[in-house]
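We call the chains A, B, C and D, going by the order they appear; numbering starts again at 1 in every chain.
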Amino acid sequence: MGNPILEIENLRTSFRIKDNYYAAVDDVSLTVKKNELLAIVGESGCGKSALAFSIMGLHSKANVEGNIYFKGRDIANISPAKLNELRGKEMGMIFQDSLSALNPLMIIGDQIDEIIYIHNNKLAKKDRKEKVIDLLDKVGILHPAFTYNQFPHELSGGMRQRVVIAMAIANEPELLIADEPTTALDVTIQSQILDLLKKLKEDIHAGIILITHDLGVVAEMADRVAVMYAGQIVEIADVYTLFENPLHPYTRSLLNSVPNSNVVQSELHVIEGIVPSLQNLPREGCRFSPRIPWVDSSAHEKNPELHEVNPGHFVRCTCYRNFYFPEKSKGDQHHVVS
Amino acid sequence: MSFLEVKNLKVHFPITGGLLGRTIDHVKAVDGVSFSIEKGKTYGLVGESGSGKTTTGRAIIGLNKITSGNVLFDGQDITNLRRSKMSARRDIQMIFQDPYSTLNPKKRVFDIVAEPLRNYENLSKREEKKRVQELLELVGLSPESIHKYPHEFSGGQRQRIGIARAIALKPKLIIADEPVSALDVSVQAQVLNFMQKIQKELGLTYLFISHDLGIIKHMCDRIGIMYKGRYVEEGTPEDIFTNPQHIYSRRLVAAIPDIDPRKREQQLQFRRTVKEEYEQSYNDYFDDKGLAYQLQPVSDTHLVALPGRG
Amino acid sequence: MWKFTVRRIGIMIPQIALLSILIFIMAKMMPGDALSGLIDPSIDPATIEAMRDRLGLNNPWHIQYVDWIKGVIQGDFGQSFRFKMPVTELISQRLINTFWLSLATLILTYLIAIPLGITSGRYNDTWADRLITGYTYVGFAAPLFIFALIMVWIFGFHFGWFPTSGSVKPGLSPGTFEYVLSKINHLMLPALSMALIATVTTVQYLRSEIIDTKQKDFVVTARAKGASESRVYNRHILRNSLLPIAAFFGYEITGLIGGTIFIENIFGYPGMGQLFLESITLRDFSVVTTVVLIFGIASILGALISDIILSLVDPRIRIK
Amino acid sequence: MEAKKIHLPDNTKDTDRSPSGWLIIWREIVRDKLAYASLVFLTLIILFVYGVSLFLDQKEIVTVDLFSIHQPPSKEFWLGTDYGGRDVFGQLIIGTRNSLSIGILVTLMTGIIGITVGLVSGYYGGKIDNIVMRIVDFFMILPFLMIVIVFVSVSPKYTILSFSLIMTAFLWMGKARLIRSKALQETELDYVQASKTLGSSNLKIMLTQVLPNLSSIIIVSMTLNLAANIGLESGLSFLGFGFPESTPSLGTLVSYARNPQTLEFRWWIWLPASLLILVLMLSINNVGQALKRATDARQRRG
């Protein structure tokens, strides 16, 4: 796999709501190696997008604490000019909503041209255009020279996502962050985009962070997986371990709550309660404990930490040891009691 | 005899243009769809965006005007029946996709759930309140929350309020248009399980519209796949998932990511084969406008849109 | 692009037709007609009636309308009975005066709006923004005529910096440098008064547009590309917010027309607005009709220009 | 599983009625000091003006008194007199009352027409909407002021009522356009579709489902319109095409300044009225803007 190109230590990203700050990303540490695809999976509001934005330095510095080492250099605490040299060149980002991620009043060609120009203004306009057309071709756009002059709204969702990808890989970055790159797309388009990402991974040898809520996408794409819940990473493992031997109650519940096309389930597992909103996050103890009330409270740690249970397999909190799924019979009697 | 029967349903939307807003062309959102649903079963309608699945559901309940074709419900023709004569229609209700826009933000939960009751049943204030509270309990919300506004609830809870409203009149058929697409995975499971439970308890029939094949497979007894306003294949989950016949269905099935990382290579291979096959035999499966042919039976339960004979 | 323009012009034609009908109806509602001014007790009523017949004034209304339109197309707007001259001659100088006033106002409007809007939008929630927002608050509420009166009172009468009536100092011959200077001098205060009020909506629009655009996803994309903050502003935020503003100026014309009526009246500036008020007070209705028609068409053309610019600037509109 | 009832995450008791939208808006306004002050000021002005004018004799005030022409402010005439020797202060009070009344009247009339047309047009959409909007667009482009002046000067029996009707006739379009575009947006939302499937009639949906969701925009735009209409009325009166001559109006008082002598030397005639118009419009706008912010904030939270 190679050396880590990204190492994050104790990252904390907070947002201000009214008069208080709330941490959307709390105590996150992880590494990404060259040639490796790390998937970050979680439900909406778990902080996965805030994490991606923090790595790219897209949140105001005042909101971000901790260290982010990119190729050994702490990019959480460098000047904006230095950061701009890295962004778009050595670090690329693919956004979720391709329609809003592209400037509606600018042709596709100019938008990709811009990222090349910013990092290499010595290249002649003509050469840049050639390069842009090559890039469009590489991401599977059928008529690159024509698309060069089109506006974003003239393309289909799938085509636009390809443009966004072309932009992200234009300068062959060493780290690529893809924030839900296929969520807005139809399944058949999704599979095409995922295949494209796989191909690019082999081509540019970058480290990739793939952010998604879709466990199927994770199973298909990832080398390693980090599961996030309520701003924290609750489990990290390589993809096979995670799917075959998940330990954290949240990971296990999540895997059980998805309709699985391989097995017939009469009923899906339901995670009780709701995903807490940023202001209502439990700040102490195991953040998942309110959703598994049947597990004895003594099973949780006071200050849950990530434990390395097997080499490379980390789990937060000790509650996984005592976790079990409640018996089914408990489920169906609710509206009798009131 | 089938409970809901849709015969050669067409919904065409005019495209207007020019100075006087003349009709230049039509979008054939639904273009000759026939299927039937049996009582107490769940029928799944799958397709990608623009396939016409949602329009089909909306046409059945009367939200889109039917251009031609018939909808028979419990033996009665309800095609384009005006809403003012909806007493025949109270048996069909709908669950919508977006939990945020489906509830009027200015109304309290009580008024939202009571709306259908006020339209069809003359209840006293007290009876009405009792009914609403019962319904809320049925969907697992505390009956005391009737004076709250929708924005005080989470997505899953709102979707349950929508369901409470839909079952208030004790309907027989529920059209569920992507009921869980906007929800998180864990909340999806809550709503899906809940839908199955009330189906048993109230003897409901579902028309379940979704783009998610995994959910469709989990929920449905029979599945229809739509593409550009037409059916390409119809059958039992078994037929569709283990023996898809139409090239489009096969492509759709191949596109679902497998949840087992060990099958990754196999899946990729499968997808490549299907893709090649799709490109090669596209013209065999679609007419010169890129539309599907008429459905032909290939077994007792399985129909596929194949060229020829029709 | 061409398709859009042609379609948009297609919408304009019925608008102009509708306008002409409206004005014709107004003209018919006005007491008296082209001969009322001539009335002279010594002329036999029967003769006048005969003249009416000859001029077609007793024809059914639709024939009269067609006659009127024919005249208008040929540039014949009839006679002003007060000034005893063809309306066309009467308005030409006034039209030029109003044109300069409007142009100066438009230029000033944008000269004020763009820097203020940009400052306020880019540095929102700073003291500069609060100051500008305060100004727009007051400017939005202040009626033009009151503001203009106070301007004349202070700068015209009290300080005597600017002339308080007319469009040029009498006695200067056209073409000389002094003449031009005097013209500009007479133009400044009215144009500035109008611009200071008219610019407020543009400042507000620009400010909110910039604040909106700042939060757009494509701005995040630009930052992720490694674009410097100044590049993000110049190439993405300002460009995207200023373009729609460019299209506004056509719509400003309608507003300007209302403005000139007040401004020309208060500053005694001999333009169309003043002519309009004079003629309506003097019941010189052929002049009134002409002024309304010209201003109506100017407004319709302004809207046309705005829409076309907008379609040039925003590719999404062209498609529809 | 979904076994237990899901209790809401907040700390309020379930039995509490959540505060209604209006209550929240009211709280926001009270918190906004400038707007609150404006509201208090407006209320006082309205009470004062309508109260005092009950005791003033309009006939007496508008009667010309040649012995007291152009008097500066004094004990007898608090704000002096005009060229007809009429008490400026009395005219100011009655003028304010008249201007406010006509502003409110025109705002209500344009509101009713605009809301009705906009709601129907936006709700039904399609052909009707197309035609209505074309007409509205046309009238919106027209040079409003000129056309109103022409109608005012040619209308045969000119009264306050005909003046407000003429204003209304050319002012409802803006409101119609605004309401229509909002109604169109709302109608596309699922809750309207849901109401249809639940058996509610179109009229019922329009009035009980869509209209409440337009209420905040209606109240905001009506407030801002009120200010604009007072400005328009005084502007027209200033030009001499507003209120009939015998009826005092703020604009008429300002129009005395068209006489350079008055403008330059007799500030007491026109300046109080000018400032009053300015302050009135500022206060009403302040309240309107605060309402706008409050409703925006609420939508964000919702």
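Convention: a residue touches a chain if its C-beta (ideal position, glycine included) is under 8 Å from a C-beta of that chain, and two chains touch if they have at least 3 such contacts.
Since we're looking at a predicted model, the values are computed, not measured.
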Mutual neighbours - chains that touch chain A and chain D alike: B, C
Between the pairs A-C and C-D, the one where more C-beta pairs touch: C-D
Mean-CA-position distance for chain C and chain B (Å): 55
Between chain D and chain C, distance of the C-alpha-averaged centres to the nearest whole Å: 25
Chain A and chain B, separation of their C-alpha mean positions in angstrom: 31
Two or more partner chains touched - positions in chain A: 267, 269-270, 274, 332, 334, 338
Residue list for chain B, restricted to those that touch at least two other chains: 137, 140, 157, 190, 193
Shared interface positions of chain C, touching two or more other chains: 11
Footprint of chain D on chain B - complex, ascending: 21, 58, 61-63, 83-84, 86, 89-90, 92-94, 96-98, 101-108, 115-116, 119-120, 137, 140-142, 144-145, 147-153, 157, 162, 165, 169, 190, 193-194
Residue ranges of chain C touching chain A (in the complex, touch as defined): 216-218, 220-229, 231, 235-236, 239-240, 243, 313-316, 319
Chain C residues within the chain D interface of the complex: 11, 15, 18-19, 22, 26, 29-31, 137-138, 140-146, 149-150, 152-153, 157, 164, 254, 257-258, 261-262, 265-266, 276-277, 280-281, 288, 291-292, 295-296, 299-300, 302-303
Chain C contact footprint on chain A (complex, rising order): 53, 56, 58, 80-81, 83-89, 92-93, 95, 97, 100-105, 114-115, 118-119, 151, 153-154, 164, 167
Of all residues in chain B, those that touch chain A in their complex: 48-49, 137-138, 140, 143, 154, 156-157, 184-190, 192-193, 196-197, 211, 213-215, 217-219, 241, 251-252, 254-262, 264, 267-268, 271
